[in-house]
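Each of the next two complexes has chain A plus one more chain, namely chain B in the first and chain C in the second.
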Partner chain A sequence: MRKVVIGLEVHCEVMTHSKNFSASPNEYTMTPNIHVSPVDLGLPGILPVANKEAVRKALKTAMALHCENPDEVIFDRKNYFYPDLPKGYQITQVTKPCGVRGYLDFYVEDKVKRVEIHQLHLEEDTASLEHYNNFSLIDYNRSGIPLMEIVTEPCIESSDEAVAFLETLRSVFLYLEVSEAASDKGQMRCDVNISLKEEGETKLGTKVEMKNINSFSNVHDAIEYEIKRQNEVLDHGEKVVQETRRFDDTTGKTFSMREKVDAIDYKYFVEPNIPPVKITKEFLEEIRQEIPPLAFSRMNKYMEEYGLSRYDATILVKEKKISDYFEEVIKNGASYKSASSWVISLVLASLNKLEISLEEFFLTPKMLADVINLVDNNKLSMDHGKKIIYQAIKEKRNPIEIIEENHLEKIEDQNVILNYAQEAIEENPEQVRQYVEEGKDYIANFFVGKVMQKSRRQADPKIALEMIKQELEKRKNR
Partner chain B sequence: MKTIKSYRKELDDGKVTSEELFQEARKKILENKEINAYVTVLEEKEEQEGNSILKGIPYGLKDNFSTKGILTTASSNILKDYVPVYDATVYKKLKASGAVLLGKTTMDELAMGGTGTTGHTGVVRNPLDPSRLIGGSSAGSCASVVAGITPFAIGSDTGDSVRKPASYGGVVGFKPTYGRISRYGLFAFASSMDHVAYFTNTTEDAAILTDILKGPDKMDMTTLEDDGKKYTETLENDVTGRKLFYFKDVTNPSYYQDKKDPILTETLTKFHETIEKIKTLGIEVEEVDFDKNLLTAIYPAYMTISCAEATSNNANLTGIQFGPRGEGDTPDEIMMDARTKGFSELIKRRFILGSYILQKENQEKLFLNAGRVRRLIVDKMTELFQTYDGLIMPASGGIAPHFEDASDALSDAYLILENHMAIGNFGGFPSITIPSGIVHQMPVAINITGRVLEDDVVLNIAHQIEKKLNFQKIKEEARCEK
Partner chain C sequence: MIEKEYLKKLAGKLMFDMNDEEYETLQKEFDVILKNMDRIAQIPDLKNVTPMTFPYVHETAKLREDKVEEDVVLSVGNVLKNSKHNVHDQVKLPKVVE
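Entry: the complex of A and B
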C-alpha cells in the first residue's frame, strides 16, 4: 500500500465592493466586459490602488486559520505573459503574505484532522477566456477581482480528507463573510498536488498538479482517479512524470496538459506603486474582535457542553445563521436538546419546504423558545406546539398569541379532566363493560382519546389516563 | 524669452487671444519642422474648462501621458496608433487650469534613452544648433521651450530625462519630490524612479506649474499629502546662510587632465566661477568627498533597476488588448511577433537585460544589490542633507553633443559627471537644472538637488541664483553668438 500525499491550493474570491486594485465593481455578472476600467485592462499609465477591505478580509481569514500575520502589507509582481493577464504581470504577495504557518482542524467522520496551512496571500484574478474553434474571447470582468490563495502543506492523505478540508474552509469563508465561495460562479477553485510514496519512505514521490478544479465532488473524483492511475504506473515499475494534468468531469479522467521540466521563473519583485503599509497591533486586534466562533469550535461545544450528537451538531453548524439562531433559542431559555430538535426538525424543515432563507423566516428565536418552554414545562402538548409553530409561520403571527386566542394551553386541572373522563365513561357503556368485565386494560386508551377530543386536545394525556383508570377501577369494585 | 507671466500679461492686456497664441505656436512648429519636437499637433484648440494663471497659454505634453482621444505613441512603433481612453491626472489638472494643449512631444522610445534620437518619428534636434542633439528622453518637450514654441512643456524624468536636456537647451528643468505630482496616466518606465517634470524658461514658472500640478491623487498611492504651501510665494525668501555642497574631484578640471577635453575643462571652470557668484548671495558652498565607489555605481545601479522595472512595466504591450496585432498560431507566437516588430533594438536590449536581472538566479546579485547601492547612496545623501540644504553640481560635463558624437558607450571619466542626477530619482529628491553660462556658444547648467519634501527650498535657492546669474543674458548670448 502506497501512501497518498496531497497538497491543495485553494483560490477564493474575496467579497468587496470594488476590485483589488481598481474602482470597478466586484460583482458577478453574465454580461461580459461591463465591470472594466483602464486599470483592469492594463492600459499604459495605469496604477494600482490597493483595496483596504480586501486586505482586511485576507488578514481576517489568515487569523481565523491561526496564521501569523505580517508586520506590513506589501505586494509583489509575478511576471509572465498570457492573454488573460493584461498587465503582463499579476499583483500578488510573495515577500510578506497576509498569513503564514497556520492550520485548520476539522472532522473526518469522527476523527479530528489538522491540515497545516503553508500560507495565505492576496492577489488579483485574471481575465477569463472563452475558447472557440479558431479564436478566443476575453472577458475582463474577472480581471482584478481580489482573490485569496490558501496553500496547504502536503499533509492530506485521502480524497475524503481533501473534501472535508475544502468544506470546512468554505464554512470558514462563510462564517467570516469574506466570500460567497460559490463554486458554480467560480468563486472557489482548487489546484490539487498529489503524489504517492512507498510505505516507510520519507521522501515524497513525484507530484502531479491538477489545476482549476471547480467543485468538491470533482476534487474527490480527480484524486481517486489519480491515485488509481499513479498506482498503476508504479505497479508497472514505471515512473510518475512531473506534470500538470487536467481533470475532465465528463469522463472522470485526468489528461496530461504539459510536462513541467523546470518551474517557470516568475521574476517576482516588490510592486513599486504600492507603498508598504505598517499593520498596527490595534488594527489586528480590531479585526480579531470581528471573528465569530467558527463551525469547528461550535460543533465541539454542542457535543461536549450541550450533549448533542455529532450528527445534530454537524447539521446545526453547517450555516452560521442557523447556528446563531439555535444559540439565540438557547439564550431565550430553551433546553439544549429541545432547541436542537426543534430547530432541526421544524425550522430547517420549514425553510426547506418554503424555499426561503433564514432572513425571510418569520419565526424569531424568542418565539420558538417560548413555545418550546411551554411544551417542556407541560403547559402545552408537543402536538399543539408543532401545529402552532406551523400556523405562526404561515400566518406570520406570534405563536403565543395563537395559543391564547385558542385557549390551547394544556389543561392540567384534575377536576376539569375528571369531568371529561366521567362524561366519556357515561357515554360509552360497552367499552366500560369490556374494561370492567373482560379485563381489557387497553380500553383505557380509547377513553383518553375521548377526553382529548372533548378537551380539544388540551387535556394532559397523562392526567387523563390517570383519571380514567381511577374511575374505571371504581366500577370494577362495585 | 517669454515666460508664463509675460504670456499672461499679453492675454490679460488683450494684445493677443488664446486662439492666436495657439495658431502662432502651430506655425512655429512648422517653422521648426527639422527640430521634430512634436509627434502630434492638435488641429483645433480644445475647449477650455478652468481658469488660472495658465489660462489660454499653449504647452507641449510628452507623448507618454495618456490623453483621451488623442494619439499617444510614447514614440514607439508598438503604440503608433494607440489612442487612449482616459486622461492622465497631470493632463486633467492642466485642462482644469485652462492651459491649452498644443500637442504631444517627441521622446526617446518609451522614455528609455538620453539622446532624443530613438523615437519612431526620427531624431529631435537642438533648436540652438540643429547639428546637435537636445538630449532626452523628454527631447521634444525641451525643444518646444527652447525654440520658443511654448513657454512650458511637460516631460518625465526617470534618470535625468528632463534635467539633462534642460542643460543642453539652456532652459529650466524641474523634477519635484517623488509623489508630489501624480503619475497616474504617465506611461511607466521605472515606477520607483519615474517623476513628472517640466521645462520652463524661469524657476518662477517652474514654481507656478508645481503649485498647479502638485497634490494627492487617489489614483496614485505614492502621492504625498498636500503640504498646503504655495511655492511661488517663497521664491524671494532670504537664502543667506543656506549651505550647498558639491562632489570633490569629479568637479575639478585637473582631475581629467589626461582627457584633453577643452569643453569639459571649460565647463568645470565655469562651474567654479558660478559657485563664486553664488557665494556672493550669502550661500555657503563646500566640497564634500563622497565615496567614489558609490558615485561610480550610480549608473550601473540605475540601469539595473530601471531595466528590470521597465521589462515588467512594458509587459502590457503585447498587441492583445491594443496596438498592432501580431501574427501566429498560438498566443505566445502572436505576442512575440507584436513585440519583435514593435520595439527597436535598443528597447529589446533593455528588456533582455531587465529580464536577465530579474531571473531568480541573478536577482540577488544584480537587482537586489542595485537596490542596496541605491539605498546606500540615498542614506549618504540624507546624512549630508543634515548639514547641507542641497547638492550643487554641473548638470553635465559639457554641452549638447553633435549627433555623430552621441553614443551609448560608457566613458569612465564621464560616468559620474554625466549620471549623478539619477541620485534625485534614487531618493525622490526635488532637483532642478538651471542655465549657468555659455561654453562654445552653447549653454551649460548647474543642477541643485535638495531634501525630500523641500521643493520650496530648492525653488527658492534656484530662483535667487537665477537672478544673480542673469538668465536673460545667458540666453541672448547663446542665441546671438550663433
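Entry: the complex of A and C
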C-alpha cells in the first residue's frame, strides 16, 4: 500500500475596488476589455503602485492562517512569455511574502487535521483566454486583479482531505470577507502536486503537477484519477515521470502537458518599480482586530459549549452570516439547542425555499428568539410557533403582533381547559362508553384532539390529557 | 562571446525567435554585459554582502488607497489599438492550447 502525498497551490482573487497595481476597476463583467488601464497592459512608461487594501487583505488572511508577517512589502517579477501576460512578467512575491509558516486546522469526518501553510503571497491575475477551434481570444479585464496564492506543505494524504482543506480555506476567505471565492467565476483555482511513496519510505516520490483545477469536485476526481494512474505505473515497475498534467473534466482523466526538462526558468528578481513599503506594528495590529472568530473555532464552541451535534454545528458555521444570525438568536435569550433547531429547520429551509439570501430575509434574530422563548416557556405551542413564523415571513410582519392579534398564546388555565374537556365528553357519549366500559384508554387522545379543536389549538395538550383522564375516570367510578 | 545557439535555445524556452541580425546584436550586447559581470566577479569577499535592490530607502513610500480612477481606464478601441486581429472586442491569436 503506497502513501499519497499532496501539496496544494490555491489562487484566490482578492475583493477590492481597484486592481492590484493600477486604479482600473476590479469588477467581474462579461463585456470584454472595458476595465483595462495602460498599467494592466504593460505599456511603455507604466508605473505600478501597490493597492493598500489588497495588501491589507493578504496580510489579514495570512494572520488568520497563523502565518508570520513580514516587516515590509516587497514585490518581485516572475518572467515568462504567454499571451495572457502582456507585460512578459507577473508581479508577485518571492523575497518577502505576506505570510510564511502557518497552518489551518479543519475537520475531516470527525477527526481534526492540520495542514501546514508554506507561504501566502500577493500577486496579480493574468488576462483570460478563450479557446475556439483554431484560434484563441484575449480579454484583459482580469489582468492585474489582486490574487492571493496559498502554498501548502506536501502533507495532505487523500482527496477527501484536500477537498475538506479547500472548503475550510474558502470559508476563511468568506468569513474574512477578503474574497467572494466563487469558483464558477474563476475566483478560486487550484494547482495540485501529487506523488506516491512506498510505506515506510521517507523520501518523497516523483511529483506530478496538475494546473488550474477550477472546482472542488474536479480536485477530488483529478486526485483519484492520478492515484490510480501512478499506482498502475509503479505496479508495472515503471517510473512516474515528473511533469505537468491537465485535468479534463469531461473525461475525468489527466493528460500530459509538459515534462520537467522543459520547465521554465522564471528568472525572479525584485520589482524595481515598486519601492519597499514598511509595515508598521500598528497597521498589523489594526488588521488583527478585524479578524472574526472563524468557522473552525465556532464549530468547536458549538459542540463543546453549546452541546450541539457535529452535523448541526457544520451546517451553522458554513456561512458566517448564518452563524452570526444564530449567535444573535442566542443573545436574544433563546436556548442553544432550540436556536440551532429553529435556525436550521425554519430559517435555512425558508431561505432555500424562497431562494433569497439572509440580507433579504425579513425575520430578524430578535423576532425568532421571541417566538422560541414563548414556545420553550410553554406559552405557545410548537405547532403555532412554526405557523406564525411562516406567516410572519410571508406577510413581513412581526410574529408577536400576529400572536397578539389572533390570541394564540397557549392556554394553560386548567379551568378553561376543563370546560373544553367537559364539553367534548358531553358531545361524544359513544367514545365515553368505549373508554369507561371497554377499557379503551387510547380514546383519551380522541378527546385531546377535540379539546385542541375547540381551543383553536391553543390549549396545552399535556394539561388537556390530564383533565380528560380525570373526567373520564370519574365516570368509570360512578 | 555567448553562443548564438545558446541564445536560440533560451529564446525557444521563452517561446519567441529572432532573425540572424537580431541575434548578432544581442550577442554584442551580451558581450558587454558579461564583461561587466566578470569585472564584478573580481571584487573580493562578496559572499556575505546582501544585494542592494534599491539605492536608498524610501521612507515616504506608501501604498495606494483602493480607489477606482475612471480616467486611467482605456476605451476598448485603445486597448485593441496595437493588435492587428480583433474579434468581438478581443485580441485574436492562433490557438495556444491543443
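FYI, the second predicted complex is superposed on the first by the 474 of 478 C-alpha atoms of A that agree within 3 Å, B and C clash if a C-alpha of one lies under 4 Å from a C-alpha of the other, contacts with A are read in each partner's own complex, and residues count from 1 in each chain.
One rule holds for everything that comes next: contacts are C-beta pairs under 8 Å (C-beta built on N, C-alpha and C of every residue); 3 or more make two chains touch, one makes a residue touch a chain.
These figures come from a predicted structure and were not determined experimentally.
The superposition on chain A brings chain B into a clash with chain C. By the touch criterion stated above, A:Asp265 is placed in contact with chain B and with chain C alike. In the superposed model, A:Arg77 makes contact with chain B only, not with chain C. Within the superposed three-chain model, A:Pro275 lies in touch with chain B and with chain C [touch as defined at top]. Shared-chain residue A:Asn373: touches no atom of chain B or chain C. Contact with chain B, but none with chain C, is seen for A:Ile46 once the two complexes are overlaid on the shared chain.
By the document's definition of touching, neither partner reaches A:Ser215: not chain B, not chain C.
Contact with neither chain B nor chain C is seen for A:Ser350 once the two complexes are overlaid on the shared chain. Using the contact criterion defined above for the overlaid structures, shared-chain residue A:Leu137 touches chain C, although it does not reach chain B.
Looking at the shared chain after the overlay, A:Asn33 reaches chain C, while chain B stays out of its contact range. Counting the residues of chain A that each partner touches, chain B and chain C differ, and the larger count belongs to C. Judged by the document's definition of touching, chain A residues 38, 41, 49-50, 81-83, 138, 265, 272, 275 lie at the interface with chain B and also at the interface with chain C. On the chain A side of its complex with chain B, the touching residues are 38, 41-50, 77, 79, 81-83, 86-89, 138, 265, 267, 269, 272-275. Remark: chain C residues 13-16, 53-54, 57-58, 61-69, 72-74, 76, 79-80, 87-97 touch chain A in the complex.
Per the touch definition, chain A reaches chain C in the complex via residues 16-18, 22-25, 31-39, 41, 49-55, 73, 80-83, 129-140, 262, 264-265, 270, 272, 275-278.
Taken together, the chain B residues at the contact with chain A in this complex read 64-66, 72, 74, 79, 82, 84-86, 88, 183-188, 191-192, 218-222, 308-309, 311-312, 314-318, 320-322, 331-332, 335, 355, 358-360, 363, 367.
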